[in-house]
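First the structure, in the form of structure tokens, and then the observations on it.
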Amino acid sequence: MKELFVLVGFAEIVLVIFMQWQYYLKKIIVTFAISSLLIGLLLFVQGGLQNNTSLIVLAALTLLVRFFFIPYYMLSHLEKVYKEKNPKQVVSTGTSIVVSLLLVILAYVIYRLTLYRYISVEAGSIPIAIILQGIFLVISRNNAFVQLIGYMIMENSLFFMAGYMFPDLPFIVEAGILLDLLGLVMISGVVMKLREDSVSEVVDEFDEFRG
Amino acid sequence: MLYLLSVVQLIFVVVFAPLVVGVFSKLCEIFESKQGPSIFQPYYDLYKLFRKQSVVPQVASPMFQIVPYVTFAMYLFLTLVLPIITGFPLSFGPVVDFIGGGLIFGAIAGLKKLAAIDSRNNYSHLGVSRASSIGALSEPILVLIFITFGVITHTNNPYVVNNVLQTSTSWYLSLVHWFVVFAFFMALIVETGKLPIESHTSNEFGMIDQAIEMEYSGRELALMKWGGYIKQFLLMSVFLNDFIFPFFVPMKVSLVAVLLYSLIHLVKLFVLVLIFATIQSTISKYKLFKNFEYVAVAFSFAFLAIVVFYATGGRL
Amino acid sequence: MFVYYLPFIVLVFASLLCVFKSDSLAAFVSVLSSLIVSVLSVIILLKPNVSASYLFIDGFSKIMVVLISFIYLTTVLFSLTYLKHVEKPLLKRNFYFLYLNLFVLSMLFSVVVKNLGLIWVGIEATTITSALLVAIDNDEPAIESAWRYIIIVSVGLVMSLVGVVFVYGACHTLDITKIALLKSANYKLLLLGSVFAITGFATKAGIFPLHTWLPDVHGRAIAPISAIFSSILLPVALFGVYRVLSSVEMSSLHLYAIVLGFLSVVFASIFLVNQKFYKRMFAYSSIENMGMILIGLALLNKYAFLGAVVLLVSHAFAKSSAFYSTGNVLNIYKTREVAKVKGMVERLPFTAYSLVFSGLAVTGAPPFGTFLGELLIAYGVYIKFGLFWVLVLATFLVIAFMSVNYKVARMAFSSSNFDRAEKVRMSAFVPLLNVTVSFVIIFLVGVIEKILMTGMIK
């Protein structure tokens, strides 16, 4: 189980770095779908191994919402507006890749210095690294889709962490969290669409979201 | 015995290096639905160039003429110290380790650049500046990879690395190893000048290494080219034997085993060349400034390898 | 027991009825439900404390419930007239009330649950239900501010979710009453989790490091929404902070919260000096007040705690009055800039006076409950940290007082060409009512103390 956890964790880290590298929104969204798929499968396997029904339900919900529904919604949205290319970056790509990498190391150092003594889970720095990377993705791109994806990466890593480190978290809490997040994504979808509409009135700023 | 094997290895590399290049260009052409040149074309080219007259720029110093011979000799030296068809150190094996090999590669690159600047050709200068700026970023990747190997095997000796990976399944399957493999693969593409980084066409937009030997002709050009082939052969062999597929390499001194393995090694090389050719014909070239992003990703892989090692609880 | 669930049932019914496409029905139902919920909240005050499997209601919860219900009532009343001024609303009238009811529902939920994870769920639900309300003006800045609100607050709340998970890892329970009694917890992990949880909840309360969404949202949302945000949403988030603080009693954690509160006061006062827009100005004033309340809650001192609650209640009424008044000003003057609003006393006499009084009230001027609250908190600071820090804190409070009231006075009493008063509407009375309540609170301090101590009025 630990190997699987480490494998998925580093795959997530690599996928975020890959997202930082990409210029095209479509690829970023597909990458996000893959990362959700990995998390969902991990939860599923763990639920199966531990005979934990709530984890399996959680995995199914994750797969349904994150892997299927949200990327599908975003992609269909993209085709309509034909806005595949990510327009504006606050930080240049090379720098953001390196910063993303440094965050992984920062997470490791923080984890080793503070948390490790109290949790004593070997690979516990991985979810923290992914959370930091998600925050950085939100900061480094000026695009509503990418910001939302960055936010969802943070949530993914939380599920990842909660699922692996504390699998016995009360189900009512986890379900509440998941429903909340689902609602949040829907609402942000609405606001995102509104933003797009209000901006697209100005022809010059057609493919430019303002941060 | 070891001396004999050294000579065998030297001849093997020097003879088959152009063949690998020939196969590569043939495969690329086949991918584009063309017939392509014969796989022996590089040999013909070298033969032709050796018979041609050399022209040297008037302004160039004697160094310009010396460098091809020196670099070729250095490549020959490198063939004697890397695990190519043997998994045990040959006579010269103990002379250098990975870092030393890297330094010799660096020295060759430096000499070539100096000679290119010496030729006072504008395109050469362009190539030198491009190669230097990418090299400045890709060298640290190689250093990081070697450090990671130091972490795994407690040594920087390429032969030991090969033996450890061949015998220890847990290391071979570890995430650390595969991150290193991926990082080295990306670095390999940079070093051998393959597609997303460099395209070998006659316009100056994409040229990097190609521009460096612009002013050479005749025998000097032949040696430069041959040296380049050997470099590619060596790097690919190292990638195969120390990184991705260290198996079958004979670990005991035996002439028959070594001769048998040299055939297997050719097969391994051709498979790798096939992969390269596939990449070459499916990917388009990056803009020059996007190369740095590519290098940054390769760097992250090399660095992540070390992070993985520590994050999963590894201790020295 | 049943009476505790009744407000929720009423609100759910009201929300369901709002789905029908009838504006007048939605408005009527909302007024009715807010009235019923207010009455119920007062009845709850008379009932004893509860600690059931998922329910935990103590004195502070009850005060929060009453506060939420009353502000809900005034907001609905004010919205009735105010919504006519919104030119191209984002939501239809019935959906506006639907989201408003759900918003209130989620806030009520957050203050009565027992489980730290569920408190998080409730506070996150307030974000979901209120995000669209922020953008009701339907112009680019409003939508932009809604987007910032979602992103920044969500990042903060993810942080607090990490904290909650850590707390669970340390205690293996999220029940706030059990955490407080726990003897053998992993204390360092618990401390770390609580720090994360507090920082995250504080984001939602507009406390210093992640407060940047607050001025944007308050500056751009319509007046009733700004009012409900400032007067009850921020306290509800602070209530989450309080739940963590009260169940995890560690001096370093409390010091951390005090430092956060102090920095909020400092930053807000400094930013207040140079504010050109009156709604943003009141937003910064909210940050300042929340900072004070956080200090009071974290001091672990009887007087400071009472002061914090008094300040919280009194500020809620005063600040809602201030924002209602700014709504009226915006409707007549059509500008958000302080400098362009002149001579309100002649043109909008009622609104002018309610604005002036609420300006005084939110900055803690003497006749209002806020003054007493700040005084008690300052006393608590004096006991814990000595005179020097009280003086530093007082300096920043004075800076805030002067900058807010100078600007409000300039808006109200400067001379202008208008001498004809506008027609007086119902919307002019709601702020006056609220600012009066904010004054009356000072007589209710004894009652508040009793509720906090014993949990009910006997």
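Each chain gets a letter, A, B and C, in the order it is written, and its residues are counted from 1.
One rule holds for everything that comes next: contacts are C-beta pairs under 8 Å (C-beta built on N, C-alpha and C of every residue); 3 or more make two chains touch, one makes a residue touch a chain.
Every value quoted in this text rests on a predicted model; they were computed, and no experiment measured them.
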Looking at CA centres, what chain is most distant from chain B? C
Counting only C-beta pairs in contact, which pair of chains has the most of them? A-C
Nearest-to-centre chain - CA centroid comparison: A
Between chain C and chain B, distance of the C-alpha-averaged centres to the nearest whole Å: 66
Distance between chain centroids, defined by C-alpha means - chain A, chain B (Å): 38
For chain A and chain C, what's the span in angstrom between their mean Cα positions? 31
List the residues on chain B that touch chain A in their complex, please. 175, 179, 290, 292-293, 296-297, 299-301, 303-304, 307-308, 310-313
Parts of chain A lying in touch with chain C, wherever the complex brings them together: 114-115, 117-119, 131, 135, 138, 144, 147, 151, 154-155, 158, 161-162, 165-166, 168-170, 172-173, 176-177, 179-181, 183-184, 187-188, 190-192, 194-195, 198-199, 210
Tell me, which parts of chain A touch chain B in their complex? 2, 6-7, 10, 13-14, 17-18, 21, 93-94, 97-98, 100-101, 104-105, 108, 122-123, 125-126
Chain A partner, complex, touching residues on chain C are 90, 115, 117-118, 120-121, 124-125, 127-128, 131-132, 135, 138-140, 143-144, 146-147, 150-151, 154-155, 158, 161-162, 164-165, 168-170, 172, 174, 186, 188-189, 192
